[in-house]
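Here come two complexes built around chain A, the first alongside chain B, the second alongside chain C.
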Partner chain A sequence: MTGTIVTTLNLTAIYALVALGISLTWAGLGFLNLSTGAMYAGAGYGAWLVSTNITSNVVVVLLGGIITGALLGGIVCLTVFLPLDGRSNWEVRTLTATLALSFIGANVYQWKFGPQFQQFPPLFDWLPSFRLGEALVQPNVTGTVIATTVVVTIVLAYIGASRIGLGVRALTQSIEGAALVGINRRATAFAILGVSGAFIGLAAVLLGQINFVEPNAGYGALVKGLIVALLGGLGSLRGAVIAAFMVALCEAITLQYFGGAWVLITLFLLISVVLIIRPRGIAGVLESTRA
Partner chain B sequence: MSSVLEITGLEAGYGPLRVLHGINLSVGEGERVGILGLNGHGKTTMLRSIVNLVDWRSGEITLNGDSIMGASTHELARRGVVLMPQGDALFPGLTVKDNLDSGAYPGNSWKFRKERRDYVCEIFPRLGERLSQVVGTLSGGERRMCSIGRGLMSEARLYLVDEPSLGLGPGIAKGICDTLFTLDLQGGALLIAEQNRALIDGRIDRALRMHGGELMPDTGEDGGH
Partner chain C sequence: MPKSRNDMIHWAVLLVAFLVALAVPFQFGTLWLLGSMTIFLLLLSWSISWRKGQRSGEGFVAADRSSWIFWVMVAVIAVMIPLVAGTPFFLSVMVAFLVYLTWNTMWGLVIGTAGLQSFATVAVAGLAAYVAAYLSTPSGNSALACTDFSGRLLGLPVVHWYIALPIAVVAGVVVGFIISLPAIRLRGIYFALLTIGLVELCRAYVSQDKCNFGGAQGLYGADSFIPENLAGTLTGTTYAYIGAAVLALIALVVYWRVNYGRLGLLLRTARESEPVAEVLGVNVVRARLAVFLVSSAVLGAAGGFYTAYYHSISPNFFSFSTVLFLFAMVMIGGVNSPRGILIGTMLLQFIDQRFVDVDPPEARYIFIGLLLLLVTLLASDGLVSIPDQVLRRRRAGKRGSGPSSGLPEEVGAMEQEAHMPPGSRPETA
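Up next, the complex of A and B:
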């Protein structure tokens, strides 16, 4: 049982990061970023390059992933958002463009780094292992939970307290209202996609502790991130975190009692049931407000 | 008296629909101008076309002598054009405090947001009691107060107010208009669109009537009730 809890906490932290990235982009800019997987793999490679060429210091490697993710968010902004913003058929065009970017990314990684799997050095082995009930909590789990909590807390506190953060939050609520108070949507898009990319980059480094970095590493993260973001209610950051916990718990229980082959089946059952009961997900935007 | 706002030959609309037909208007410093007219005759479109929120427009609009036809909505907000729109365009999932502070987003206003927020809460004490409340849970009157309060959070050159009484009880509507008409414009100007003549009569410098997308002198006989 405690083993399931430990796995749940570990996966919650990682899935929440990817889903926060997807949900923030949807809420702030109104498009579903299907290049999330390419950003994930790219940030993984960025951090891997740092760890193999510069230092394996945990803070530097994490920053390597975060900064690469943020830069890739900037590229999405430059190549997808800015050219398509305000054009007709925006939803389909952005879906197509981000999907194309995803394929381009995977091919560029394949060309640049080859098909072989790359592995991070252990980043958290300086942390102690400890027992939680019957379960042995490994250092990478402790490190993942701590790093996620610290980064998400700092970023969300900044978004909650700063002028730019208010601009981001305002954009998630009303594009017209934001323009009327002087918020430049196109400039704020860089901040939104940068933060989204940073979250996804951190997830790539953390999951890189148990998975390999390879050109197609991002597709799995994209699918899980989409499941979590949809379950949480697209655009709801709080919903994304709650949904990440539910998905992680579902996955951990399925792994424990049924085996890995059943994970996607139980996840899709979970999402189907929740969306039948609450079509806007766990915490759709504005659920506590008047129409 | 120099012009804050000068509109010449303005035509505007949505898709194939032409709503405004050759609007000419000049609003001077310190002036309060009312636009009267029934719903559907173009009052809202005129205000929205000033801040570039219509599908298309032609003609010329200047702010303090500079053309603003090429300026985007957010640029105009930074240049001191504040629209308090119909429907409020608030951020329903954010608190009253956040909504008010968003009005101080442009330029240097952010540094003085606390002082401005205190000023707004003096005018609308009910907002002061609800600073931490999510705007989406406010009543219609409170939302309107918040929308107008947000507009007062920065130093504006031109206030554009669209139907402040719409959907509100007479007492609340009158209170909100009282606030608007006691604003110290400090060289700026106020343009208010309203269909309820009684709310603005005698409290503005001059009134015009919007009918069928055309602006004409107000005769006091039509265009409001």
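Up next, the complex of A and C:
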């Protein structure tokens, strides 16, 4: 039982990160980034390259993932947001363009790094493992929770205090209001996609402690991140955390009692039920009421 | 008469293009017939849209209806192919293309006309194919060998393909009905996610269930309409080609009837604005249900045909790359027009088959991805919409005397858009 709780805690932190990335992009820029999976796998490869070629120092590897993720976010901004901003048929075209990017990404990784599964060196070995009830808390769980808390706190503090963060917050609240007070939407877009890329990159390194890095690793991350973001309600931080916990719990229970093959099935049953009862997720507002 | 002289030059150029397209395969191999005809049809489609647009200023939905010359050429090419390029290999490429075309046209009704972002096409077609395979595969088959296999579900007999095919249609309708239920409440990306999930659910289930669906191997040895002694021969593949062509024709006729009929009008109204549609008295739920049922029936038929042609079906059918490949076909051509769907499907089938042995193997998919990205960024609605887009932009430039005449078009668009929440942006390009 406590084993399930430990797994849940670990997955909650990671899924919340991916969902925050998706949710922030949607709230600030109004499109759903389906290339999240390619960003995830790309950041994983970036951090893996750092860990095999430079050093396996935990801070450096984490930064490697975060920076690669942020850079990939910048690429998404350059190739999807800037060319399509203000064009007709926005919803379908952003969806298609980000899907195209994820298709390109997965094939580029396959070409450059081959189909084999790559494994990170353990990053958190220096942390002690301890007992929680009858379950052993592995160092990587402690490390994941600490790293997530630190990074999310830093980013939220930055968004809360800096000028560019002010722009991000203004955009997520009201596009019209942001335009009226002279916020440069296109410059802020880089910040938004960079931050969401950083979250996704961090998630890739942390999940890399229990999973492998491979060209199609992003598909699972994208689907789970989407499930969490939609379940929580797009644009809601609180909702994303609650939903990440629900999804992680569902996954941990399924893993323990049914096996890995059933994880996506139970997740989709969960989201189908929640969405049919609450079509905008747990904490989401109706799109029409959003300013 | 400058106008008629222009017309003469215009048709002469297209005739030359057609002759060049006919000659290309002699130089580069039979497969190029598909590629060169794609280019020719794209040119023809562009010229039709350009001329119609210049004359009337109507969108290409209107132009599409009267583009009989385009469909005559398509029919000519379809009849010509087995006569001039009849090799079993090329015809099998064409059969696959026609099956894709059938699925994509029906998908176009759902994403284009109804504006519902559904990815369930693959699930409907695949489940129908599985039902047909289950019914027409002998149970002594090694794929069904399983330790606790004790007879078929409900004691169903093994049937021939001509019985399995209609049942696949029924299965398609049933699945389509189930999918249409959440569409009543969910919109946009929420529905997209649910349907992606459904495809994944199908894949996970059929690869788990070894006893009924053969697990990861899938089912093979299903009954086929091609007699055994003709399998792989020219006669056999010609049968398949004719069958697939009939299927694609049915799909196009259904598309035509729905899209340009009353139902299409209702669906487009609901797509543009649901409140307006309801105020006008449109029963949105019933219209959406109808489009799901109609398209699923054809999808089911194509799924049954797929099984009967390939003798087999495997869980790979439900993989995300299948979904992406079909999605790219629909989007590159243009989802809102049958011409676009036809051209996109032809183009990608050609690229996929012609460059199958390219090194590295990923290059082909990277190229398809780049093509999809480029077309999405440049064209508002696929390749076929380009003439319309250019004409619209030109007209917007000419008007020039309005209050916003000093502003470049992009700025005007930004201003207008600032008043809109995401997801309800106006048509500005």
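Assorted remarks:
Keep this in mind: the second predicted complex is superposed on the first by the 284 of 291 C-alpha atoms of A that agree within 3 Å, B and C clash if a C-alpha of one lies under 4 Å from a C-alpha of the other, contacts with A are read in each partner's own complex, and residues count from 1 in each chain.
FYI, a residue touches a chain if its C-beta (ideal position, glycine included) is under 8 Å from a C-beta of that chain, and two chains touch if they have at least 3 such contacts.
Note that the structure is a prediction, hence the values are computed from the model and not measured.
Of the two partner chains, chain C is the only one that A:Ile271 touches; chain B does not reach it. In the superposition on chain A, contact of A:Leu84 is made with chain C only, not with chain B. Of the two partner chains placed by superposition, chain B and chain C are both touched by A:Glu176. The larger set of touched chain A residues comes from C, when the choice is between chain B and chain C. Contacts of A:Val151 after superposition on the shared chain: neither chain B nor chain C is touched. When the two complexes are laid over each other on chain A, chain A has residues 176, 179, 288, 290 in contact with both chain B and chain C. Chain A contributes residues 26, 29-32, 79-80, 83-93, 95-97, 99-101, 103-104, 107-108, 110-111, 175-176, 179, 219, 223, 226-227, 230, 261-262, 264-265, 267-268, 271-272, 275-276, 279-280, 287-288, 290-291 to its touches with chain C in the complex.
Against chain B, in their complex, chain A makes its touches with residues 163, 166-167, 169-170, 172-174, 176-185, 285-286, 288-290. Those residues of chain C that touch chain A in the shared complex are 111, 117, 182, 185-190, 192-194, 196-198, 200-201, 204-205, 207-208, 320, 324, 327-328, 331, 335, 360, 362-363, 365-366, 368-370, 372-373, 376-377, 380-381, 410, 413-414, 417-419, 421-429. Across the interface of their complex, chain A is touched by residues 51, 53, 72-75, 77-78, 82-83, 85, 89-94, 98, 101-103, 105-107, 110, 134-138, 150, 154 of chain B.
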